[in-house]
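Shared between the two complexes below is subunit A, which pairs with subunit B and subunit C, respectively.
Moving on, here comes the complex of A and B:
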């Protein structure tokens, strides 16, 4: 901290709370739908919605790391695995409450995020991607070599938690738990991006030299980004294990990691809304495409390509384009009259 | 006592001596010039002082404290600020965010407040926005507030860079060609603002220029570099008649 005073800081104007309030009003409708609609739907929908929200949590964390801090990670599935196995181990073998075990899984993932953050100080771009792939390999081997904790290649079962004395075996009840946690995760990401820490994330992506000249610590900022993304993925892993009821080590491979990256690229890099839209769309879409049977993946891939070609800034870039198109149409209509 | 001292500083890139054995002293307060023709080593010296490249030998001392061994962000924390010759902005962000980033050193929140979004954090955020807005108004670029800086004309980008650097409140601020890309009137305007803020807050400015006209009007004292070496220093009036400066600096400028 420098001892000199900042220049010209006038009194609070309330500009930020005003903007925040507008944002919350916009969010009100999707939140209301997410709360009020599920009771009228079947258990299958609750399962898919929970899955989508777990992916939202992981995507929001990864987007802070990749979209904002500019660091590539191809191993978020590893952090998911760490969260999942830690949660299951602590609940079944240690007898810890799920509500302590699941955050512990997140914390352990965050701790290993620090370990991954250090190579990120030396490598960038493709090289960093390869380093994170190495990390993914290592965790997969560890999962196989520690069958007493992980169940090895056969996997291990995970159970639903108790809340207020009753088991959340009901998919709807568990959905609300996942929903509440994902809201918290989204709030934290939004808050972070409008803070000195978040500005440091964006700054080091854009220009490391300028960021440092403003007193932003390069190493600490990069590591913080890895830690946050790992924590989000660890929490996602803990929730995922309980949702599915079984941990299959094959779930945490390179394909899952790629999917996480695809979520944020399709949704919109560096945007919290983009993470949400991308994760929800790409979780729900394969379910909607079940009708195409064997062409399912072909159609999925084609739609993905279309989005990337037509919307280079992701789905979230569609918003401003639609708004300006509507405005132009409205102007035309007025001119015609 | 001198406020900022460069002592026998050298910067080598492989076999190339960008800066050789340069020493000078800057007293506290006022505006000091660092001039020299293109390739004289001005920007290399600024990069070395701010820690972007390491000194091959020599020392930098700010207010009695050696800073040359510190990492760049620590040098910034110690009180050295800078702008960049090519306005090194966060190009995919708004002018407001760029300028607001200047307040990082004065962050009033912890990491956990930032991520949890406590009321204190949002209040601090409002103050940051207001301070950045005030700075944008002062430079007359408030209208560009929400534009991506990559889309702005170069002269405006330079103003954003300067506004951001001034907002760091660094007591020792190095401005690398602050008026390039601006017309005469804009340059006057920007110099006026920098001079006023420097006086009001007791800042010490080191202005790097190759435009002699600008620096002669602006600086109290000028250091002249050529081929990586300090060849002269003095007041603008003294240097105007210094044969070494006329030969090395104006000579090459006249041929260019």
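Moving on, here comes the complex of A and C:
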């Protein structure tokens, strides 16, 4: 697709190496913490951290679709389910290696992303939201109605993969696998956003007509966004199944889809860092609030409303806002003197 | 096919279809009136059922429960519009979808906490009555649903055609600015629209409760409402009614002939097919889009 979007990239290319270096420096500290800290923590923390990183993978994919390409999707949970069930089925029933089964889950999800992307080309806004909600319901019903593959409502068990001949039943070892994959996913997303395709995503969000008049292939770009988001969710689902060890259709309902949307809205739409911050913060938060588990939906709902109204740019948008506020304060102070 | 079974299926299909029609009516009313597609509408159906449940615990007679629920729902609709929907009026579609989903989630959570996970039901006003066609009995509640739905639809039609308030609501739906220039107090019409929409949703909840029982997941009926509304073109109230009845009948007969899976999937297959083949529904006119 790189040759098909001949948009002028205004003078950004020269700034990229410097920006990249700065980005790497900023990323170094979190990466160092994520690598060095876990061995000193208990197994429960490894589990939560893996869960957070799996959510990061899904949120990064969804944010490319929603935040950058501007397409609403309420059905990331379905793609997650497709990845999770494919992985479990291929490993436990077919006997395929996890390292083949998990990517196949991602690919199957991506394939169904194409299937959803085609009808989605014709819809926007509310209609797209309704169609993706419908898709979510269909996959949930199919999962329940095909017990020979999915175990139906009773669910299906999934196992941990083998790496170099040893089983990763240790949560810490599996955490590092998830960490490596999520790092890869984040890096791919950042690179994608710097590529012509990524810029095309942003362009069709701002104005489909303008993007088309500049020769951008609207249909292909939109479908690409759906496919990429579905692939990320599929991979996330495959990892999730293996982490938790057991999946059932209830895991992949509307509530899960809404949570994915909350991640990116709270973190910051259209920002990879936002997806990471949102997913990590909102995976850890419910764990901290375990005593209030029954109010979970209430907390998420009100958080979502507050963020939408008070800080539409999400948590990552707070940094510049606080900085400019501080600067204004400083100016006032100086003026007063 | 035996006549008795046919009648039984037809009545059940039209009954369920009337519920879908009511849900779709509420959705489209609010959407046309304010431009906000309310993804919390399904949870308003559940809200109605729960309010009726609490009122019936007070040992009130059925008609008081029914009217009380509608009144409480209307007030709730006004409050909802004033506090949560108003800031969304000019927001982009994504914000509206996410915000109303969040509102729905909170309503659902509150309902679940109010009654815990217990399953409950409402008494039907026709509890003692038995209706038989040949040797097949038909659940009388379906007749009550159909009757109430027809009544509310006639009421709405009269309301929009004959009363000044109804005409004002129609005017605002057609062109907000023009209505304002003609002296319609648009900001008063919005809460009213939501009051009517919420009351219709609550009515659907009260009517369906004796058949499906009351639980916080009742809100998922919103998807069927969407399908009914889209079948009807999404901007026509009679379209919603026909869409709902078609969906309910198809689903019920399909389920009887081809099994439960077919019943569950019908709505979504119909949704995708209609949107692909005839995106403006059976009744909707073509829609111009500003680029």
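Note that in this section the second predicted complex is superposed on the first by the 287 of 337 C-alpha atoms of A that agree within 3 Å, B and C clash if a C-alpha of one lies under 4 Å from a C-alpha of the other, contacts with A are read in each partner's own complex, and residues count from 1 in each chain.
Rule of thumb we're sticking to: a residue touches a chain if its C-beta (ideal position, glycine included) is under 8 Å from a C-beta of that chain, and two chains touch if they have at least 3 such contacts.
If you're wondering where the values come from, they're calculated on a predicted model, not measured in any experiment.
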item: First, second, both or neither for A:200, with subunit B first and subunit C second; value: first
item: Subunit B versus subunit C as contact partner of A:217, first or second or both or neither; value: first
item: First (subunit B), second (subunit C), both or neither touched by A:209; value: both
item: Contacts of A:130 with subunit B and subunit C, given as first, second, both or neither; value: second
item: First (subunit B), second (subunit C), both or neither touched by A:187; value: first
item: Touched partner set for A:41, first subunit B, second subunit C, both or neither; value: neither
item: First (subunit B), second (subunit C), both or neither touched by A:288; value: neither
item: Residues of subunit A at both interfaces, subunit B in one complex, subunit C in the other; value: 209
item: Subunit C - residues contacting subunit A, complex; value: 37, 39, 84, 87, 92-99, 101-103, 105-106, 108-110, 112-113, 220, 223, 226-227, 230, 260-261, 264-265, 267-268, 271-272, 275-276, 279, 291
item: Footprint of subunit A on subunit B - complex, ascending; value: 50-52, 71-73, 76-79, 81-82, 84, 88-93, 97, 100-107, 109, 111, 113-117, 121-123, 125-131, 133-135, 138, 164-171, 197, 201
item: Touch list for subunit A against partner subunit B, complex; value: 1-2, 4-17, 20, 187-188, 190-192, 194-200, 202-203, 206-207, 209-218, 224, 228
item: Subunit C contact footprint on subunit A (complex, rising order); value: 66, 70, 72, 74, 119, 122-127, 129-131, 133-135, 137-138, 141-142, 145, 208-209, 254-255, 258, 261, 265, 294-298, 300-302, 304-305, 308-309, 312
